[in-house]
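Common to both upcoming complexes is chain A, partnered first by chain B, then by chain C.
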Partner chain A sequence: MNCALKEFNKHKASYMFIAPSFLIFTVFLIIPVFASLYWSFTEYNILQPPKFVGFQNYANILFHDPRFWKAMTNTVIFVVGTVPTSIAISLLLAMAIDQNIKFKNWFKTFFFIPSITSIIAVSVIWKWLYASGKYGLFNHFLSSIGVPPVNWLGIDLTLPSIIIMSVWGGLGYNMILFLAGLQGIPQVFYEAAEVDGASDWDKFRNVTLPLLRPTMVFVTIMSIISAFQVFEQVYIMTYNSEGAVGGTLDCALTIVAYLYETGFQRFAMGYASALAYLIFIVLFIVTIINMKIVEKKIEY
Partner chain B sequence: MEMKDIRKFNGDEASRPSSKSKQQQLLRTFVYIFLVIGSFIMVVPFVWMIVTSFKPLDEINTYPPSFFIRKPTFAAYLELFSIIPMGRYFMNSLIVTSAITIANIFFCSLAGYAFAKHRFFGRDKLFLLLVGSMMIPWQVNLIPSFVIIKKFGWLNSFAGLIIPAMSGAFGIFLMRQFIMNIPDDLIDAAKIDGCSEFTIYRRVILPLIQPALASLAIFTFMGQWNNFVWPLVVIYSSKMRTIPLALSVLNGQFGTNFAMVMAGAVIATLPVLIVFVSFQKYFIKGIALTGLKA
Partner chain C sequence: MRGHKTVKMIGYVLFPLIAIHMICLSGCAKKSGEKEILMWLVGSEKQAQKITELGLDFYKETGVKVSCEAISWGEAHSKYLTSVVGEVTPDIGTMGLTWGTEFGSLGAMVDLRKEFPAELEEISKNIFPGLAESIRYKDSVFAVPFDMSEYIMFYRTDLIKSPPKTWKELTSLLSELNSGGKSMIIDWGGLGWIGYCPYLWQSGGDFYNKDGTAAALDTPEAAAAMKFFTDMYKKYQVPLENKPVEQSFKVGDHPIFISGNWKMKSLTDIAPELGGKWAIAPLPAGPTGKRTGFIGGRVMGIFSMSKHKKESWEFIKYLSTADIQVKLYEATLESHDTYLPTNMKTWDMMPMESSFKEPLREQAMDSKGPPSVLGWDDSTRFIDTAIQMIVLKGKDVKSALAEANRELNGRKKH
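Presenting the complex of A and B:
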C-alpha cells in the first residue's frame, strides 16, 4: 500500500495528464460496455430497475423475431451492394488521379466533397433528386432518354436507392486511402515490369494489386464495418410522419435502425443492448476472418 | 507515376511515333473523360441543392426541372431563419463543436504526451486498453451512455452533448504517435533547467506538435459538426437542436418545401466546406496517415 502510494507520488504528473481522458473514457466507454453486456440479459425500460432474464433476449432475437432477420438481410444486402462497388470505383479513380495529369487537386477535391458533407445533408439532397413523379431530377433524366419515371423511394427501390447514394458518398474517402497506398509502391517494380515487356494490364495485375494488398485489406475491413452500421441515410430516406424508421413493411430497415427503434422509441433497453452485442459479435467475426485471409495470402 | 517514366522512355525515341505512345495517348484521353464525368456526377447534386435553395416555390414545381433560375430569391433562407430558429441552431452547433474541439486538443495531447514520454505503472496496459476500445462499435455504448447522461441530469443540455466527446482514443493515439518522434534530449534539457512537467508540455511539446494538433482539430471539428446520432438521442427540446438534427426535423416537417430543406442543407454544408478547403492539406494527409475518419 505504502509502496503503491510512493509509486503514485513519483508519477503524479503522468497520472494527472491522463486523468481527464480516462475519466471520460471510463464513464462513457468502459462502464457502458459492461452495463450493456449486463442489460442484454435483462428486461429494462429505464423507469424500473433491470430484471434479469438470462438469455431470453438473445433467444427471442434469433428465433422469434422476423423483423431482426429482415433487418439483418437488408443490412447484408447493403454491405454487399456498397462495399465491392465502392472499392472497385474508388481504386479506378485513385489510379486515374495517380497518373501524370493536370488539375489533380481539383479532381481530388470534387470527389472528396461528399465525404466531408454531413450525411444528413447528403441524404436530404438525394431525397430531392429521387423525388417521385416528373419533378425529381433523376426521373426527369430518365424520361428524357425515354424511360418511364420510377418510384425511387417506393417499397422495392428504397434500399437500392440508398445503396447508390452511399456508394456515391463514400468514393472520395476510399480514393484517398488508395492514393496513399499507390504512392507507397516503389517505382522500381514498374520499371522492372516494363523491361520485361509487361502490358498495362500485366502491371496492374502483377504489381499494383499484390503490393496494394495491405491498403486493400484495410479499406475492405473499414468499409464493411461502417456499411454494417448504416443508419443516418435510412433514417432520413424512410422517415415518415409517424416517426417510424425503416420504410413501408420494413423495406429498408437496417440493423442499427432497428436498434434505434427498439432502444429509443420503444425503450426496450435490454433487447436493444442484446442487439448491440450481436452487432459487436458480427463485426468482430468479420474482422477476424479478414485478418486470417490476409495472413494466408501474404506469403507468395 | 507510370506515365512519367513511359514518357521519358518515349522521349528518347520521340522521332518515331510508336504504337505504344499512341496507346498511351488514348489511355490518357480515357482517364480525363473518366475523371471529368466522375467529377460531374459528384458535383451535380450539390449544384442542384444550391439552385433549388434559390428558387421560388412555383419554379420548383414547374416542368421540366431546370438548372436555370428565372427569378432567384432568398425566400427559402428567410423562411428558414423566421419559421424555425436556424440562427439559434447554428450557434448551438458552433458552441458544441468548438468546445469539443478545444477540449480534445488539450486532453488528447496531454494524455498522448504522458503515453509517449513518461514511464509509469500500467502505462502499456492502459494504452492497449485504449487502442483496443477503438474496435468497439458505438452502438454498444450508446444506450448506457444515454442512461448515464440521464442520471446526471444532462439530457437536453450542452453538457450532455459536449462532455462525453471531450477526449477520445483516436486523438490520444494520434498525439502519442506524433510525440514519440520528438527527441528525448529536448525534454531532458528542459528538466535540467528545472521545468515542471506541465511547463515541459506547454513550452516544449505543444509548439512542436502543431501540425498534428491542426489535423486533430480539423478531424474533430468536421466529425462533430456532422454528428447526428448522439444529439438525436440526447436532445428533445426544439431550442437545443444542432444543425444536422434541425435538418432532419426540417426533412420531417417541411419535407415538401424543397427550397427550404435545400437551404438548410446549404447551411449545414457551408462551414465544413470552408474548413475543408482552407485546411485541405492537413485533412487529406491525416486520413492517409491514420486511415481514420473522424
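Presenting the complex of A and C:
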C-alpha cells in the first residue's frame, strides 16, 4: 500500500495529466458500455425505470425479428460489396502513385479529398447525382450515350448505389495507408528480385504483397469494422418525409440504421442495447477469424 | 481507437463550453424576483429570435422575461426526452403534433384542460377543427397548436384546364396525362401512411374506431381507399421513386402534384419563371363528398417541472392570438420558414394573395391530423409496409390491410 502511494507520488504529475482524459473516457465510454450491457437485459424507454427481462430481448431479436435478419443480410452484402473492391482499387491507386510520376502530391490530395469531406455532405450530393428519371447527373450521362435511365434509388438498386458511393468515399484513406506501407518496403528486395529475373507480376506477388501484409491486415480489419457500422449514407439516402430510415420495404436497412431507429426513434433502449451487443459479438468474431487467417508470422 | 479520439475531442470542446457556461451563470444572474421563462422551438434560429423579440412586448405587459432557443428537428425528440429524465426541461416546448400526447401521457406535461379549462376552450374555439381534434387525448389536452402544415394540390394552369374536383375527375385527368407520357407526383408521404390517409378519410374510413379502442383498417372503406390510392401508382403511373418535384413540375412532366403548403415557397424560389402559371386547389372529393386532407404541424405545451406554469400559459395564450400570429407570419415571409397560423381569425388579417389563401383555408377547414392514440407512432410503418407490398409486390389489398390492422391493434397502448 505504502509502496503504491510512493509510486503514485513519484508520478503525480503524469497521473494528473492523464486524469482529465481518463475521466472523460470513463464518463462517456466505459460507463455507457456497461450501462448498455445491463439495459440489454431490460425493457427501458428512458422515461420509466428499466424493467429486468433476462434474455428476452436477445431471444426476440434472434428468433422473432425478421427486420433484424433483413438488416443483417443487407449489412453483410454491404461489407462484401465495399471492402474487397475498396482495398483492390486503393492498392492499385497507391501503387500507381508510388511510381515516379509527375503531380504525385496533386494526385494524393485529389484522391484523399473525399475522405476529409463530411460523409453527410457527400451523401446529399450523391443523392442528387442518383436522382431518378432524367433529373440526376448519372442518368443524364447515360441518356446521352443512349442508355435508358436507371432508377438508382429504387427498391432493387438502393443498396448497390450506396455501395458504389461508399467505395468511392473510402478510397483515399486506404490509399494513403497502402502508400505508407509501400514506401516502407526497402528497395533492395525489388533489386534482388530483378537480378533473379522476376517479372512485374512476380515482384508484386512475391515481394509487395507479403511485405504489405501488416498494412493489409490493418486495412482489412478496420474496413470491415467501419463497413459493418455504415449509417450516415443509409440515413441520408433513404430517410423519408415520415422520418423512417432504410428505404422502401427496408431495401437498404442496415444493422446500425436499425439500431438507430429502435433506440433513438422508438426509444426501445433495452432492445437497442441488445442489438448493439449482438453487433459487437459479430464484429468480435469476424475480427478474431480475420486475425487467425493472417496470423502467420512474416520475417524477412 | 476512433472512439477514444472522439471522446478526447468531446472533452476539448466540452471544457471551454462548461467554463463559459459557469462564467455566464455567475455573471448574468438575473435580478432577484424577476420571472423568466424558457421556450424551446423545434425549428429555425430566425424564428426563435422573432419569438424572443415578441417576448419583449410580452415583458412590457407582464414583467415576465421570455427567451426562446431553437433546437433542430433531428435531435428534438431525444432532447426533450433527456431533458425530462434529467429534470432540466424548458418551461414551454414546441414539438411535433403527436409528441404532446406522448409526453403528456407519461406525466411530463401539464394537462391544460385540467389546469386552464375555460381559457383552453377559448383558444380551441378559434383553431381549425381538425387540429383541435388531434390534440385531444381522452379527456386531456397537453399542448395547443403553434403552427400547421397542410396537404394541398398544385397544378400548372397553362397545362391543366381545371383542377380535378372528384376522384373520378382525378383518374380521368391522370389517364389523359398518361397518354401523353405525363403523370402526377405524390410528394408528401408518397408510398406511406400520410399519402394514404386523405383517401381513407374521404371514403369515410379512419385508422381507429371512433373511441380509439381498436384499429379500423379492416373496413370496406379502408379497402376502397387503399385500392384507389395504390392504383394511382399501379395504373396511373404516379412515380414510385423520389423525383425533384420543382424541376419536373417546371418542365411539365408532372404538371400536377400533391404535397405540403411549404412547396409554395420552394416553387417561388426554385422556379420563379413559373410565377403566375401555377395554382393550388383542395384535394379531389371522395365518395363521401369530403375533400379531407392531412394536417400536421407543431404544438406547444408546458412541462410539468416548470416553476412558472401560469406565466408560461400566459405566453402560450399570447402566441395564440391573431395579432401576434400575423406578426409571426410576416416574419417568416422574410426568413425561409413556412408558418401557417392556426387561429382562424388570423387568416382574415394575414397578408396573402386570396388565390392562395382561399384554397388553403378551404382545405384546412376539411383536414385531419394523425390519430391521437398511444402507440400510433410505433404503428405507422406497418401501414407503409402494407402500401408498399401492394404496390411493389402485388399483395392483395385485403390481406395487406388485415395484417396492418393486427399490428395496429397489437401496438395500441392504453
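Criterion: the second predicted complex is superposed on the first by the 282 of 300 C-alpha atoms of A that agree within 3 Å, B and C clash if a C-alpha of one lies under 4 Å from a C-alpha of the other, contacts with A are read in each partner's own complex, and residues count from 1 in each chain.
Everything that follows uses one rule, which is that contacts are C-beta pairs under 8 Å (C-beta built on N, C-alpha and C of every residue); 3 or more make two chains touch, one makes a residue touch a chain.
Note that this is a predicted model, so its numbers are computed, not measured.
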{"item": "Contacts of A:Ile155 with chain B and chain C, given as first, second, both or neither", "value": "second"}
{"item": "Contact breadth on chain A, by residue count: chain C or chain B", "value": "B"}
{"item": "Partner chain in contact with A:Asp98 - chain B first, chain C second, else both or neither", "value": "first"}
{"item": "Contacts of A:Ile176 with chain B and chain C, given as first, second, both or neither", "value": "first"}
{"item": "Which of chain B and chain C A:Glu194 touches, first, second, both or neither", "value": "first"}
{"item": "Partner chain(s) touched by A:Phe264 [first = chain B, second = chain C, both, neither]", "value": "both"}
{"item": "First (chain B), second (chain C), both or neither touched by A:Ile221", "value": "neither"}
{"item": "Partner chain in contact with A:Leu29 - chain B first, chain C second, else both or neither", "value": "both"}
{"item": "Partner chain(s) touched by A:Tyr135 [first = chain B, second = chain C, both, neither]", "value": "both"}
{"item": "Partner chain(s) touched by A:Ser21 [first = chain B, second = chain C, both, neither]", "value": "both"}
{"item": "Those residues of chain A which chain B touches in one complex and chain C touches in the other", "value": "20-21, 24-25, 28-29, 46, 131, 135, 241, 264"}
{"item": "Chain C-facing residues of chain A, complex", "value": "20-21, 24-25, 28-29, 46-48, 131-133, 135, 151, 153-155, 240-242, 244, 248-249, 264-267"}
{"item": "Touch list for chain B against partner chain A, complex", "value": "1-7, 9, 27-28, 31-32, 34-35, 38-39, 41-43, 45-46, 48-49, 52, 60-61, 63-65, 107-108, 110-111, 113-115, 118-121, 123, 126, 130, 133, 135-148, 150, 163-164, 166-167, 169, 172, 196-198, 201, 222, 225-226, 228-229, 232-233, 243-244, 247-248, 250-252, 255, 258, 261-262, 264-265, 268-269, 272-273, 276-277, 280, 283-284, 287-289, 291, 293"}
{"item": "Complex interface listing, chain A residues touching chain B", "value": "7, 11, 13-15, 17-18, 20-22, 24-25, 27-33, 35-36, 39, 46, 92-93, 96-101, 105-129, 131, 134-137, 140, 144, 168, 171-173, 176-177, 179-180, 182-183, 187, 190-191, 194, 200, 203, 218, 222, 225-226, 229, 231-232, 235-236, 239, 241, 243, 256, 259-260, 263-264, 269, 272-273, 275-277, 279-280, 283-284, 287"}
{"item": "In the complex, chain C residues that touch chain A", "value": "3-4, 7-8, 10-11, 14-15, 77-78, 81-82, 84-85, 106, 108, 188-194, 239-244, 247-248, 253, 377-378, 380-381, 384-385, 388-389, 392-393"}
